[in-house]
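Just so it is clear, A, B, C and D label the chains in written order, and each chain counts residues from 1 on its own.
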Amino acid sequence: MIRNELCTVISHHEIAENIYELILCGELASEMTEPGQFVHVKVSSGLDPLLRRPISIANIDHEKKEFTLIYRAEGRGTTILSKKMPGDEVDILGPLGHGFPLEETEAGETALLVGGGIGVPPLYELSKQLVARGVRVFHVFGFQTKSATFYEEAFKQLGPTFIATVDGSYGTCGLVTDVLDSEVLSFDTIYSCGPTPMLRAIEEKYAADKKVFLSLEERMGCGIGACFACVCHTAENPNGFTYKKVCTDGPVFRAGEVVL
Amino acid sequence: MNRLAVNLPGLKLKNPIMPASGCFGFGKEFGQLYDLSELGAIMIKATTVEPRFGNPTPRVAETSAGMLNAIGLQNPGLDKVLSEELPWLEQFDVPIIANVAGSTEEDYVEVARRISKAPNVHALELNISCPNVKTGGIAFGTIPEVAKSLTAKVKEASSVPVYVKLSPNVTNIVEMAKEVEAGGADGLTMINTLLGMRLDLKTGKPILANRTGGLSGPAIKPVAIRMIYEVSQAVSLPIIGMGGIESAEDVLEYFFAGASAVAVGTANFVDPFVCPKIIKDLTELLDKYGFEHISECIGRSWK
Amino acid sequence: MNRLAVNLPGLKLKNPIMPASGCFGFGKEFGQLYDLSELGAIMIKATTVEPRFGNPTPRVAETSAGMLNAIGLQNPGLDKVLSEELPWLEQFDVPIIANVAGSTEEDYVEVARRISKAPNVHALELNISCPNVKTGGIAFGTIPEVAKSLTAKVKEASSVPVYVKLSPNVTNIVEMAKEVEAGGADGLTMINTLLGMRLDLKTGKPILANRTGGLSGPAIKPVAIRMIYEVSQAVSLPIIGMGGIESAEDVLEYFFAGASAVAVGTANFVDPFVCPKIIKDLTELLDKYGFEHISECIGRSWK
Amino acid sequence: MIRNELCTVISHHEIAENIYELILCGELASEMTEPGQFVHVKVSSGLDPLLRRPISIANIDHEKKEFTLIYRAEGRGTTILSKKMPGDEVDILGPLGHGFPLEETEAGETALLVGGGIGVPPLYELSKQLVARGVRVFHVFGFQTKSATFYEEAFKQLGPTFIATVDGSYGTCGLVTDVLDSEVLSFDTIYSCGPTPMLRAIEEKYAADKKVFLSLEERMGCGIGACFACVCHTAENPNGFTYKKVCTDGPVFRAGEVVL
């Protein structure tokens, strides 16, 4: 169920350049089930900024009623958020949307998790839950540059982790697709989150033979399905009036379900 | 005595608070969060004869104390609204105000004729002011004679009272209101959004795919208050006020300006529980300022 | 090379940042805080033939991300502006844009004729859009033919280029701009304030003694950006943009929309050092977004 | 000189119902000279609320570079201000305006200080400075009710202090004028700050024979004399176009100088 709650900041650190890890505590953690869901964050109590910010859930700790958000402080809202201190309260609406389908990968099968930049965070909870189910996981992540990378060690605990940086300052020089082209990885399912061009490349390359699940981003108003801000066309009727809402039908879709 | 009850043409409202059209879909999403019967009424999303996908995304952009939207009247079309959305809403004890849109007079008349027969539709809101569609919309809302003629035709076709939604993007809102009154409107709703734009600093291009969009939220409240103040003194139609309402205090300001009920739009996105919250706070506020009944507040600024 | 230098009719600006009329008096107060020669230009307070006291107080009211004002063109009158205010400003290396107001065409012509002869007045800003005065003002700014005729008369009387300040309170801003261009304007400044109102919850009455006032500040920026985007594509006059500017980023957005220079109003009240701060930040911002010169930014949203 | 500075909160307490005493530290304390000047406070760093709030300076400690503001948390801005904690920063513009003329009362003479509600605070610094100059001071203050009174002990240290409350819950029942009518006080100068009806009553009663100085309130835009929001008519030309600005010519005026 969707709840609105003032959650308490447990810890808050800059874990890479302009990338923050925010751990919050609140009852609504108990509602978080699927990896890949998101919350809608009001970063200040007043009117500035007005709208909530959608941020994926990167980690869930049901026992402590804690959950983790990892975000880039870039615009006005996330910059204000980055100033919160332990003990402060943050207004959270969530959990929202539908996440990655775990059940599409059986125990013993292999899942490939492909993330780009700030699309990496939700893959952490996903990877944890897959591994817990007995799934083998590979991680392939792309970042702009070395100083923007994060959570590499944590992911390595769960499975082999390949990193590409656009400027070549770390790992493979180039994009995640360069890693995917050069490494020989065999797997059953792909779960991916990141910039749309990356998602498109993955869809093109793998959607024909593999089960591919993609997490989309779109500018949102309500985050709960009421305002029609975040719609995309369905693949079966790309110019018609059928649609999916990223906030409630997604953010995760099966490749081929919607027009990227 | 219900201190918040308000009677308007076609509408017996248990309280004067309703979600604004386009900000509440057809109620399903909010129905998961609270009992929709708590609301005074519901203004459902604009309905057109044919289904519409609307504009490409991005469709929203944030502004200082406001937001721009260019949804573009996305809706499942009249048939589906009649067969699915409205029947679903019948489970709640809440009158529906159907927002009617179109590209031609015939469109409007067709939607009005059929949707006004739905059992839970107690009034129509004639959307002559949507800034986000290429054809229709804007002309209907900015040329007084065109608005009057459309109002008359819709009024003739409708089985329930017709409220006309005024656009703030005009030189003379009072003139528009008077023409619409002459056309036979039963009430006014105001204001729709102000036409605005934001640019992306990285690309230099508009953030919205549609380029321009409608500005809503607290930023526009002073414009709405001014227009309701002016219009409520010039016509004898009841006004449902809207624009940036997010608290019971705002509701009182709208009533003082001349509104007889209000709608809450953008604030539902910031706090999905805002409507029941305002309803709850409103009675306390009447106590604080010494009013027996909300209707005493109407037009207090000029009475 | 001065990367911020901009040349407009009558104005060689070392940078495109200037305080907006009415938000900077005649410069004396800010002259105590920083060197006024740092500014691109100064738009001085509206001047009328006779001295005016303006409206009763309260004259300002806060709104969400904005404010209302109803100063009412208070000014010491043309004679005193010529004999005291303008000579005092001569000590600074900064062109003055004189804001010309009045109740009749003759008033405007008289002020324009005489004030345009002052040595440091390099351009006039024709204030046809002040919402806070009973006579004149608003009609000049909302009826295209009236605006055109006034522009032509003032243009004839003036010894320096004439910029016409457009009101946003119109249905069709492009039509206004075109008429004013046809009237012989050398440039446009836009936008003036949106007409708005706030009510006091305790009394139920308007906060402003004048009842309505002009809405300025960040709240109106999206409306200004939209209007400049539309007008800059429809006329060939340069535009000095304004409305809610408070940072170098805002300046860039205005340039992208189609402005060739900008004015900063309300932000001076919040941070009296905002103009020099923006000027300082602007060069860095050009670097950040990869522009050699500010003029490359003009109209980037539609070019 | 007027400065703009982020001042640090040294202490912040609710000293009466909804009345807060805020002690700030900043270099601009050294610019504060006349009692009765005010500062213009930006209560938050964003756009909500947009404008600054004018608050009188209640106490100046040049040595520590500290100054005190006493204000009522009432509307949006002052309520936000009331949440500031020691160590937080507050954006202050000031000192602004012209204060009470000390030199109008000679050493050995007597000054009567009349304050109403939230007009009392600037009279504290004034009283201190008068006493330091060898002036005898009386204080007469009016409040709504007992729970709204503050600083009585502090004022008593400086001179006799009479209090009236509208509801009679403390001191004389009624207004300051009721105290002034009943007590026999002989004095040379009046300094007063409070609601306009109170100032009018004092002007009417005493302006003919005494030196009377009144501190005015008006809604402000800039606070520095540039926007013409805060003007009042001059008494010599009450319907003409001569004017005084409360923010720069005032807030303190000699009785008879401006139209109240």
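Going forward, a residue touches a chain if its C-beta (ideal position, glycine included) is under 8 Å from a C-beta of that chain, and two chains touch if they have at least 3 such contacts.
Each chain and its UniProt protein: A, D = Dihydroorotate dehydrogenase B (NAD(+)), electron transfer subunit; B, C = Dihydroorotate dehydrogenase.
From a predicted model like this one, the values you see are computed outputs, not experimental measurements.
J.: If you take the chains that touch subunit B and keep only those that also touch subunit D, what is left?
T.: A, C
J.: When I count C-beta pairs in contact, which pair ends up with more: A-C or A-B?
T.: More contacting C-beta pairs are found at A-B.
J.: How far is the middle of subunit A from the middle of subunit C, if each middle is the mean of its Cα atoms, in Å?
T.: That pair's centroid distance is 46 Å.
J.: What's the distance between the Cα centroids of subunit B and subunit C, rounded to whole Å?
T.: 34
J.: I'd like to verify one number: the distance from the centre of subunit A to the centre of subunit D, where each centre is the average of its C-alpha atoms, in whole angstrom.
T.: 55
J.: As a quick test, compute the distance in whole Å between the mean CA positions of subunit A and subunit B.
T.: 36
J.: By residue number and range, which residues of subunit B touch two or more other chains?
T.: 63-66, 217-218
J.: Touching at least two other chains at once: which residues of subunit A meet that condition?
T.: Expected reply: 47-48.
J.: Which label fits the chain touch graph of this model best, line, ring, star, complete or other?
T.: Shape of the chain contacts: complete, all pairs touching.
J.: Please give the residue numbers of subunit A that touch subunit D in the complex, ascending.
T.: 44, 46-48, 80
J.: Show me the residue ranges of subunit C that touch subunit B in the complex, using the header's touch definition.
T.: Listed in rising order, the residues of subunit C that touch subunit B are 63-66, 68, 142, 169-172, 194-199, 201-202, 204-206, 211-212, 215, 217-223, 225-226, 229, 244, 249, 252-253, 256-257, 289, 297, 300-301.
J.: Please output the residues of subunit C touching subunit A within their complex, sorted ascending.
T.: Contacts found on subunit C: 64-65.
J.: Name, in rising order, each residue of subunit B that touches subunit A in their complex.
T.: 22-25, 28-30, 32-33, 45, 51-54, 57-67, 69, 71, 74, 76-77, 207, 217-218, 266, 268-273
J.: So in the complex, which bits of subunit D are touching subunit B?
T.: Per the stated touch rule, the residues are 47-48.
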